[in-house]
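Can you read through this structure? Questions will come right after.
Should a chain be cited, it is by its letter among A, B, C and D, assigned in written order, with residues numbered from 1 in that chain.
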Amino acid sequence: MNKALQSLYKEVILSRAKVPRYECKAPDLVPTVEAYNPLCGDKFYLYVSIEDGVFKELKFSGFGCSISKASTDVMCDALSHKTIQEGLLIIDTFLELIDDKSSVSPEQLTDSKELLAFAAARDFPERKTCANLGWEALRLHLQSL
Amino acid sequence: MNKALQSLYKEVILSRAKVPRYECKAPDLVPTVEAYNPLCGDKFYLYVSIEDGVFKELKFSGFGCSISKASTDVMCDALSHKTIQEGLLIIDTFLELIDDKSSVSPEQLTDSKELLAFAAARDFPERKTCANLGWEALRLHLQSL
Amino acid sequence: MNLESIKSQFPIFQQKTPVGKELVYLDNASTTQKPDCVIDAIADFYKFSNANAGRGVYWPATEVTGRVVDIRQRLAKFIGAARPEEVVFTHGVTDALNKLALAIFGGSQKREGQVLVSGMEHHSNFVPWQMAARHGSLPFKVIPLTDSGAIDMEAYAQLLKEPTSLVAVSAASNVTGIGNDISRLSQMAHNSGALLVVDASQAVAHQPIDVRQWDCDFMVFSGHKAYGPTGIGVLYGTYEVLVELNPLAYGGGMVQEVNESDTTFRMLPHRHEAGTLNLAGIVGLEAAIAFIEKQGIANIQAHENALYELLRKKLNEVSGVAILGRSSSLQCPVVSFTVEGVHPHDMATYLATEGISIRAGHHCAQPLMKHFGITACSRISLACYSSGQEIEQTVDQLKEAIAFFR
Amino acid sequence: MNLESIKSQFPIFQQKTPVGKELVYLDNASTTQKPDCVIDAIADFYKFSNANAGRGVYWPATEVTGRVVDIRQRLAKFIGAARPEEVVFTHGVTDALNKLALAIFGGSQKREGQVLVSGMEHHSNFVPWQMAARHGSLPFKVIPLTDSGAIDMEAYAQLLKEPTSLVAVSAASNVTGIGNDISRLSQMAHNSGALLVVDASQAVAHQPIDVRQWDCDFMVFSGHKAYGPTGIGVLYGTYEVLVELNPLAYGGGMVQEVNESDTTFRMLPHRHEAGTLNLAGIVGLEAAIAFIEKQGIANIQAHENALYELLRKKLNEVSGVAILGRSSSLQCPVVSFTVEGVHPHDMATYLATEGISIRAGHHCAQPLMKHFGITACSRISLACYSSGQEIEQTVDQLKEAIAFFR
């Protein structure tokens, strides 16, 4: 178990994956978005309620690895009570944060400890599709609104 | 111009190719067999008349390289007045004579100077489809009778 | 078989991975590593005799043409084909199956009867048939599996009561490693008048292949899963079927005569080989076959079987590990499993940092995943250079990963 | 460009032919020789980083996946594509054109309008369209050529008055070397609502390619004709067209979700890339592109053009030699000719014994042969390592051959 791995699976990721705060089991809601990774079959359903252009509630169900699960959970947190405009900015920030091709350092992008926990994904580009699973799906959805 | 080539284009081949004895220009006959090499587009039409199981007359028209032309000409000669049975044996002999995979030496197969002229084709396996063009086509035809 | 000597022939193992560990390569069902002899054969081809085959009368074209003839013969022998013309060079299994599906069901030839594939098929032996069946308006059905993941022979017999045009099955699953009784599947298919296509992707490096004993109509494999190069594969078909089949593709080398109104085609094997062949691939494939024959496929099989048993035993000892499917006597050395509370991708990432390469995901077998009620699993697949020590090390690290993630 | 230094990078020229002569390789239109950098790239791939792409989370799979992404980008730049997803890896031109013809005209998408190909096309850019048109019950027509062997633009314009679904033309003929004004052909095709497919087989190693300037919908080339490996090629398509097009093939890697009743597909570029790619071929192709870029395609073009002029001049001086087609400003360095009284195969065999490799036959262009009223011809085709001295030597031997056979 080496250092890079340790920083990929930071405490925040492991604990969020084990005990996610925004996961719901069998909701009555119809999913707003489906986030699907064809490479591994992981799939989350996002339930997003927006009122007056503001995220009122975000929840998710489904299955995925600890990285995809934790990142989706963190996303729900990060977007709650933000406007759609703000939300899109946060999504872009996150996507750049995990992008190994980005020239901007993670710390320059954000000081959110929750988001920064995923910066190590830059060293694991093959896990990018895990880290961005929920985020990419929601972004596409918001852009289509 | 090296030795192998010299023996491939023996006098008999070059002279038969230049002045074939069995070539006809625009015959009234319907061709008995078409001999076609898809690799180079060469094509001969064979006109074969058989009476009482004996080759009465063989002629050809068409176009091809000196080896295919000479070998077709020599074939017409070799088969004239032979029975079909004898003809098939001669064809088999010739095909073995030019076969680089054969373990029998050309001289063991025949003492016909005309046929032996083509033995050098063993050193040029890529020209086998020239040397056997008319022969293979006629063999297939005879077998289908 | 001397493991050390074998491993020393594979250059990739002579270096450390970027994290400074020895490479423990356990994703052989995806692609195998390549021995020196294969790498050298390819390089030597380009260095000393590169030219196009079947066309030029000059050296090196003549040499290449002759080699292709010889290699075709050698491959025919390797798979037990009756004639060299029954060996068609393709670019791999996926390429072969797509072209085959179109040649059989496309064009003017009209076939009747449903198309069957088994529930354990790789997407490459599933989707091309599904699409071809749809295109030909034929029913497409999946032969169910038993709980242990084998083909349900009773269900198969039942399905065959309907008119059937073709059955496509793998010699062994790339997930469970479970092997199929091809001779029997073939006999039943033939009794119903159906063609049988065998995807031997997983079998070719691990067990003897004998197409005549299998009595299949078609068989395909890829070179890269048998120590050979990428971009080359073999399609076997019986002479009688191949000679009638629509050409697999059209173009240079397979044409007899081209006219604006129509085109005629050359005899076998050229009929089905359009365009410049992957000549370096063919030469590399020959070297791979020679490598396998030198070790002896029976020796490889014995070695891998022993490791396979060890692997299953060790995995079964780990609590929370559930192996997919039950072992059969025809299996290939592939074991897939789930670990309670640990996602396969997390497991694979953990092991990767220890230099251990295993695969996580659906392994291009989503229908099989659905059969087992999962979306993904971890997979360990062995090859002739695998060792008991590697298996011990992998299971040890697997336990550590469980402790870390749980 | 230093000819000696270039030639020294091609190992095949460092040996004598079996008849003890230097190899004078003049069949580059069939396949080119390979420089060290390409051979080494392939060997190094297998030695140091072999794994399957796009699937594993372990090294070396991660490295391979990243390289494929980077190489796709590099290739996009090389051909002037707007986006990397417009580059699809195939196994070569014949493979690409067959799959493309089926994807465009097969399946459920119904296209209307005739299919046009030019009279100078290679069988690989002729027969797949002929068969696809027949299958879709669309008229298939051949755009006539002028006496000099170029596309008859008036006849083309005339043909386009009928509804047309697709036009397939080569960037340059593999027999006459005559190049086509692709931008113009494209503009006219598009004005008639037709797709334009360009076969750039002969162009890729000899002139800059700019798909956006050409404004074509599809463009294909094979690696092996551009100093690269066999079994690899590129299909370019515009994003808008590729994204809607039926998948070129079905199988592993291109699937989104598979069910018994239906299958959905991944986004570009994966949509069209089923199965294990020819990864070593991709790596070798990159090295070939790097080789071309290092010499500079403009330098190569200038060098080859000068030799091309020399070759035509020398050949024209030989009595009985008739060159096929007239030179154009867009030509590739290919010259075909007939020799009165000497059959092309005899000529090629004669030259072969002097170590000189030229091609004889119909060059997979029977419609063009018919246009010129011949069945076969001799062909000399140059590459960056060709020299004036080789041309002099070849024409000298050609004269000797004439004396011998006449």
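Methods note: a residue touches a chain if its C-beta (ideal position, glycine included) is under 8 Å from a C-beta of that chain, and two chains touch if they have at least 3 such contacts.
A quick note: this is a predicted structure, and the numbers were derived from the prediction, not measured.
Comparing chain pairs B-D and A-D by the number of C-beta pairs in contact, the larger count belongs to B-D. Once the centre of each chain is set as its mean CA position, chain B and chain D turn out to be 37 Å apart. Chain C and chain D have Cα centroids lying 30 Å from one another.
Centre-to-centre separation between chain A and chain B, using Cα means, comes to 77 Å.
Averaged C-alpha coordinates put the centre of chain A at 45 Å from the centre of chain D. Looking at chain B, one finds that residues 39, 124, 127 touch two or more other chains. Among the residues of chain C, those in touch with two or more other chains are 19, 55-57, 61-62, 255, 257, 345, 349, 360-361, 366. Interchain contacts (touch definition given at top) occur between A-C, A-D, B-C, B-D, C-D.
Contacts from chain C toward chain D in the complex involve residues 11-12, 15, 17-19, 23, 27, 30-31, 33-34, 38-39, 42-43, 46-52, 55-62, 91-95, 97-99, 102, 106-108, 122-124, 126-128, 130-131, 135, 140-142, 222, 224, 229-232, 249-253, 255, 257-260, 262-263, 274-281, 345, 348-349, 351-352, 356-361, 364, 366-367. Here chain D touches chain B in the complex through residues 19, 343-346, 349-350, 353-354, 360-362, 366, 369, 375-376, 400, 404-405, going by the rule given at the top.
Chain C meets chain B in the complex at residues 54-57, 61-62, 65-66, 255-257, 266.
Taken together, the chain A residues at the contact with chain D in this complex read 36, 38-39, 124-127. Interface residues of chain A, counted against chain C in their complex, comprise 1-2, 4-5, 8-9, 14, 39-43, 63-67, 124, 127, 130.
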